[in-house]
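Below are two complexes that have chain A in common, paired first with chain B and then with chain C.
On to the complex of A and B.
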């Protein structure tokens, strides 16, 4: 039994550390959310393990509760990501660094920073509308995309 | 007439112009526009009628002032207001107090204001600031009537400042002209010097008599007699300093000629007839104090004589018509002060001295307002050109202006039977009597000589201006257009009324003892019954006036080459006169330049010391934050990493703490 516990804990810790590393190294917003979820599930696994070890159900109840909250959080986060994407047409988090000290050079600016907005085609990669009915205006097209 | 009605009339005198000022200021720019003179006219008329009622109906039936020492106090009317402030033992009430001197001043002020407001509506015709002009004039009349009606020193001081403010607003009426803005500032600053003296005097009065009410101070002969003579001397000197600033006496007279930058009706109303005489009024009002300080009275006479002579000499060479009149105003104010100081020669001379000064103030208001308005009419016709060298021979083109100006000039010169003749005679007679006294005979003989000489100069420069403007070959400046137009009806009526006043008012109230008899009922004066005419003085001053006029005629009509040749021959003297004794330059070097130097020092101190301290304090947070702000680099991962490390550190710390 105790060996089982250790293995579960190692898997939980591994999930958590993988999440942390992913969160700290990725620049893609969705990948960062996935990493955060991974950390959460590492913790959930640990909670269930300890519940099993003590023979009580608090751990499982707690986990179910956490899953519910995590679902809400994921919904919110994805909504935010969607809005950020609509503004910048990119999932690169480094585009959102306007609150830094203005005179500091960010290490992320070197190399492949986010391409400036003006050089992009905002409609590229969007599904093509059937050419029928009224021609949507630019703002409408962006809002409906 | 019931008590309430009397009080109402007394309150109406200042309230009507105030209401007009408020109405014009609020409704003028949008609603009234070029009808803005209507509230002003109405208010002036109401005030004038109320003032006349006060003089002829209320005062003769009013009770006498109650002086605790039993001093002779004439009839006075008091309108009780409310307690304005009470600090410790100082209680200042907003009370109006009118005695015969107040009533005379009020009639003069409101009457001249009414005429000037009429003239102004023609003169300011189509000026974009039309409503502003009438709002400021109404405010001025309110302040001036309150200044005269004030029953205590603090109230007097408040409105003393208020008339200064109105003067500032109206001198700088065309504020987009740099000269007008500078003149307004100069008048304001120079007046502050005098006002400092006045408020010091008021403080000293409070310290000495523990009251600031006129009736209580002047009525309490016991306290006046007991007071320390040195203290009284100081008080009187301080009060006179205030009068010097407001009434443009040497060496503070520099602001008045520059004040001519304002619209001409304003020059007539404020800088000739009413506000500048406030200093004379103050000295007359405080006669019971000045009687106790003969030394200060000597100073007053001396300053008056110096001012009169300097301004008279300056006026002779001015080429700006309004400046001639301005220097003449300064000179006549000097005459008034000369008379005011004669009480030093003997107690029996105090009443005639004050009467003569106030009488000259009264007549001067009419003929000088007339002269200014006529000059304004010339200016209006000549397209705002006022330099006498650029026009001449206007008597056919502007007949109304010509005749009214002639009456005013003759009255100012002291032509027999006109207004200025009687009042100037009174002053010369008082000076003559003072020079016969034992105490200061020689001193007053010199002053009398100066006064006589200045009277000659007055006649000369007045008629110089008259001849240069209205005689000689007909010449118009190009600004006037081809057909200069004479005064319109609304301008001609005030000119006519003032001309009649300037001609007759001296004859009506002077030799008949009407003015003196009314004035001498106030506190501090003892009515003189045996009024007699000074035939000798009259003869002398008639000769002086005629010879001055003849001199002007000789120099500027008969042989016009002589003045130019004289000016060339006596270049230093000519410069001295035309540049007003270099007073402006002297002040610039002695006062303005050191102050400017001090100001530049302060700028350096401010820029390098004060700013250095402030910037130094501001640099401290920047210095402290230099290291931590490196973390704030905009990389989300690094924020998350720092947070994660922080949590690890916190957890490890907590765990090790619980384990140990």
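On to the complex of A and C.
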């Protein structure tokens, strides 16, 4: 019995660790939350295994509570992600690294692809007209006015 | 530590090979072309199989052994693919496969109700919500920030040091138990039933049965069930309050 239990515990620990890897390495907000959900899977598997090891229903009851908390967490986190996306028009977590204290070092190397929050395209999301004719130069525009 | 490596070389080799597979599969910054996935996948699968086969003993029944290998390898492999996928839509779909495999492992451990409810909640609700958010927010498919991993090598190594510590503890515990038994120290029968008598399993309420689980939930943990319901209510109110409204502009 005990040897069988340990294998399930290893699989649960593996799922948790994969979630940790995903949470730390991915830069997409949605992938980070999905990784957190995978950590919860690992914890659930461990709880069920412990319940079977002790022969009580407590492990499965705890797992149902874990499921409840995971559902709440997913809903709240997605609402927060939508809010962040509305502000920055990107799911990149790197854009929010400016939230740190001003005298602290950057947690990761900035400028590795992600455009900073202040320099985003101001015309993004506005309707575009089909370009027609040739683009007037600045001097021409000044002369005509 | 070194003694553990010497006595369990297969486990250590499995961990190392698994780390190498993940590092191969992680989106890299300098590489213009994505690396081919096949070597990384093979390394990962070999690492997982070495690690799982070196811990614990095999079961006597062939069917449960085959099912355990099927579900555990698919859970961990799909987890690796989810963590390293460049497109978040594929990541969500791999996560659905991880959920299904975990539910298979639940079934193997005689938790059928839990498997069913996990499939309903995760595959039915959570993944669909994630896909909706991806559709709302990221219509362009894979973008630049999905092609790069952030601090890939330190994060992976740190996480696998954690896994190595857990596995080492699991492998050292039976030895400690045997030593205690040899010294005449007999562990007391697990007194888990003392505090929560309704969670105990017997012939009438076997492990994993709806009757036993319901008795545990609504007997021993009735107050916690009420709290969990309140938490769900508050979380749904909070999600509605936080989510951006239409008058604040389109998403």
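The rule is short, and it goes like this: the second predicted complex is superposed on the first by the 105 of 145 C-alpha atoms of A that agree within 3 Å, B and C clash if a C-alpha of one lies under 4 Å from a C-alpha of the other, contacts with A are read in each partner's own complex, and residues count from 1 in each chain.
Convention: contacts are C-beta pairs under 8 Å (C-beta built on N, C-alpha and C of every residue); 3 or more make two chains touch, one makes a residue touch a chain.
Owing to the predicted nature of the structure, the values given are computational and were not obtained by experimental measurement.
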item: Contacts of A:27 with chain B and chain C, given as first, second, both or neither; value: both
item: Larger contact residue set on chain A - chain B or chain C; value: C
item: First (chain B), second (chain C), both or neither touched by A:86; value: second
item: Partner chain(s) touched by A:104 [first = chain B, second = chain C, both, neither]; value: first
item: First, second, both or neither for A:18, with chain B first and chain C second; value: second
item: Chain C-contacting residues of chain A that also contact chain B; value: 20, 24-27, 93-94, 108
item: Chain A - residues contacting chain B, complex; value: 20, 23-27, 32, 93-94, 96-101, 104-108
item: Complex interface listing, chain C residues touching chain A; value: 22, 26, 29, 48, 51-52, 55-59, 68, 72, 75-76, 79-80, 82-83, 85, 88, 91-92, 95, 98-99, 102, 105-106, 109-111, 113-114, 117-118, 121-122, 125-126, 129-130, 133-134, 136-138, 143-152, 155-156, 158-160, 162-163, 166-167, 170-171, 174, 177, 190, 192-193, 196, 199-201, 205, 207-208, 212-213, 215-217, 220-221, 224, 228, 231-232, 235-236, 238-240, 242-244, 248-251
item: Contact set on chain B toward chain A in their complex; value: 629-630, 632-637, 640-641, 644
item: Touch list for chain A against partner chain C, complex; value: 2-11, 13-15, 17-22, 24-28, 30-31, 33-35, 37-38, 41, 44-45, 48-49, 51-52, 54-58, 60-61, 63-65, 67-76, 78-83, 85-86, 90-94, 108, 112-114, 125
